[in-house]
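Lettered A, B, C and D in written order, each chain numbered from 1.
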Amino acid sequence: MKKLLSRRLAAEFLGTAFLVAAVVGSGVMAERLAGGNVALVLLANTIATGAALAALILTFGSISGAHFNPAVTLADALEGALTWAEASGYVPAQILGGITGTIVAHLMFGLPAISLSQHIRSGPAQFLSEFVASFGLLSVIWGCSRSRSIAVPFAVAAYITAAYWFTSSTSFANPAVTIARSLSDTFAGIRPIDVPLFITAQLFGALAATLVFRWLVPGLDREPSKVLLAHGSEIANAEISKSAAR
Amino acid sequence: MKKLLSRRLAAEFLGTAFLVAAVVGSGVMAERLAGGNVALVLLANTIATGAALAALILTFGSISGAHFNPAVTLADALEGALTWAEASGYVPAQILGGITGTIVAHLMFGLPAISLSQHIRSGPAQFLSEFVASFGLLSVIWGCSRSRSIAVPFAVAAYITAAYWFTSSTSFANPAVTIARSLSDTFAGIRPIDVPLFITAQLFGALAATLVFRWLVPGLDREPSKVLLAHGSEIANAEISKSAAR
Amino acid sequence: MKKLLSRRLAAEFLGTAFLVAAVVGSGVMAERLAGGNVALVLLANTIATGAALAALILTFGSISGAHFNPAVTLADALEGALTWAEASGYVPAQILGGITGTIVAHLMFGLPAISLSQHIRSGPAQFLSEFVASFGLLSVIWGCSRSRSIAVPFAVAAYITAAYWFTSSTSFANPAVTIARSLSDTFAGIRPIDVPLFITAQLFGALAATLVFRWLVPGLDREPSKVLLAHGSEIANAEISKSAAR
Amino acid sequence: MKKLLSRRLAAEFLGTAFLVAAVVGSGVMAERLAGGNVALVLLANTIATGAALAALILTFGSISGAHFNPAVTLADALEGALTWAEASGYVPAQILGGITGTIVAHLMFGLPAISLSQHIRSGPAQFLSEFVASFGLLSVIWGCSRSRSIAVPFAVAAYITAAYWFTSSTSFANPAVTIARSLSDTFAGIRPIDVPLFITAQLFGALAATLVFRWLVPGLDREPSKVLLAHGSEIANAEISKSAAR
């Protein structure tokens, strides 16, 4: 028995809003305090983002699966773990949540609600970075989903923590977050004109990892309940809950 | 069978004292060493606070639930997981613990036991920050409480680690800690006159999250034992213990 | 059936050696690289120490209990979880291990094997700091030992990570480590003449926490197997192992 | 029933590639942003590497055991947990993966695909550092493998996080990674001429730890399935999976 879709969409909205607020807000805070040392800004930004991800996936995982990311939702639908109808609700909830996160972050720091970013992020190195970042993110999700699903929140948070530093794009790896960050002329921003390139790379990266893991972990795509486990479906969590409560 | 209330109050007192000592003490240490780089001070303050929270919730969770926070205690009472009589013992224990923590931190660094803070923290952006910070904190607690209660110490610590950076108020999110920090004219301080605004925002944020999660996770409020699970009641922990020992 | 004492002593020796090597070595590395910013040195020192502690307790916990600390060993013996004969083997193994750790760290950085520290650490604020640091450490151990023993490695590591910053002494909290650090005239050092004050404060802090937790968690001292669980005895671990392997 | 070797080799290739990309890429990013503060560069490098390791071991552990390291593979073969034929497939997959990781990292940052490092790393202190680093790494693996196998990803990541700081060589501890880093004239590089010394020290360190743990944890070498557990064999993970799903 699935949770009501309205509750799941609310969870995706709230989770993505908090995720983007963490990304954008920590960038503003760090830039204000770091006295011009960009490494220190990115370090604070990284720690805030990684920690927020872990907390938010643990919080909303049992409600909606805690995707917060259209690339994850589409890959999940591709593997049959989510219907396309559900996915078509998830994606707008994530995008709206992300934009709300930007606005809330701005207001918390006394900035205008929205400001178009002028942060240039373009070129083949950035494209490759987003492809690799998203390939890795989906690899982590599919790799952990079968036998170590309880580890997903920690694995995803750890992966993004690393990827902020090892890609030249600082690893957006998320179309909804990319759109939301285009509306913030702060440290975490991205020029609106650069958004399509990022999203294209992200979707290709996610697709590539999904295909590789179809071969690498055979049977994954034919066992939807196992896949769901990775994202904290109600059924899987009820099991975990029972196990924890025994 | 509940633990004796005196033991639970002692746990709330001790835990809140250590939590505030960590917040205030690490601020003093970091400011002394950082040579004026405020981002570095906040980074050290963040790491110390997040790590202390994880350790203290793991330590005292099985005794008192490890609230250390009147906003959490009141929300818990609202959901029926704690009687109002118990809550009326918890809150003063937390406030006294917090003040003790400030004093101990000051003495460990050779400072006067108490000093009224002159750190201005006011205005609508700060109010919104504390509302959001507390909304998020209670979301994490309610979200993890049903199916992933073992994760609560890590989720709360990770959330506060992030929230220190993504709110302009550095996320106090705790009335007892706010009062205690008003007695410290150091990095972590807050002017006594700004305390009421912070506490108001915190209580509204906690209330809002509690109402949202009533709808988001139905049944949570009608299963007190499940709620307790989130905070490490004796019963729940005995179960976990049995499970771990098998 | 207990493990052979020789193996347990070897584990205490090796674990304490690695712990001290991490503390001393990371201090040397950080001081060489930080360009005079002491906050950055302590941050690197903190992260290395906390991470080493988690790894080492996970590694040696199932062999010897992973005390690496005479204050923990004596408190354990006081609670009947270890015989005094065993404790009298543990303590010298820890002290020798610690000294070996200092020597190895020095040699890894091309320094003389031993050098008496000239780092002054004295006065009542330092005494109070070590008392509080050790009180907190033993609180974490006793608090986690009954119902959340699997969390001990993480809780102890998180606690020390925080305590490095919230005490003015940077939380030695360990007589064997204190002795070993007196033989290193580097960032982590302590003047040999200041060692007795530190050790006294540490033992008092550990004793105080042990007495408080006798009252706070009644029954702890009368269930040695439960206490052992906290420190990873063979029996407890066999159980966990069985549970994990099912 | 073992997984197909081709899948396991692909997992070793992919995992080592991502690991090296994280090591090299984060070094480039950090050096570009840190304004000359080498401690900050190493801190970012450390956090990225540790986080990547945790995520990658969780991701690929259930497929190939997530060695990513010829020293680990050879030690595993020595203990009978892997056949020598399997090991002779693993090692080249790791080396090729590592080199691919360097190339991908370079391309993500707009650098030439390969550049021979000029970073001098030689002398007895470096040799001792690599011996100690690898001795510790294998100790962590063998120590966690029997009773706490679920902790291996976290323990290994925490250990390497610490070892980056407490060894003067920044703890390569991995022949495949060492070779890959010789092809990068960036922060993480090592002169090709210094590679043999590093690899020799790594293999001796791994061998020494393996022999010590044969005595320290008797029975480890005679229970291959238990050893495999540490590295996430299919059988072991199926068990964990069943346990998680109950």
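The rule is short, and it goes like this: a contact is a pair of C-beta atoms (placed from the backbone, for glycine too) under 8 Å apart; a residue touches a chain by one contact, two chains touch by 3 or more.
Note that the structure is predicted; figures quoted are calculated from it, not measured.
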{"item": "Cα superposition angle of subunit A on its copy subunit D, in degrees to the nearest 5", "value": "90"}
{"item": "Interface sides of subunit B and subunit C: same vs different residues, half threshold", "value": "different"}
{"item": "Subunit C and subunit D: spacing of chain centres that average the CA atoms, whole Å", "value": "27"}
{"item": "Chain centre separation in whole Å, for subunit D relative to subunit B (CA means)", "value": "38"}
{"item": "Where subunit C touches two or more other chains, by residue", "value": "37, 40, 43, 47, 240, 243"}
{"item": "Interface residues, subunit D side, partner subunit C - complex", "value": "36-40, 42-43, 46-47, 50, 123, 125, 128-129, 132, 136, 139-140, 143-144, 146-151, 154-156, 158-159, 161-169, 212, 215-217, 229, 236, 239-240, 242-243"}
{"item": "Complex contacts: residues of subunit A adjacent to subunit B", "value": "7, 10-11, 14, 18, 21-26, 29-30, 33-35, 37, 40-41, 43-45, 47-49, 51-52, 54-56, 58-63, 104-105, 107-110, 153, 157, 232, 237-238, 240-241, 243-246"}
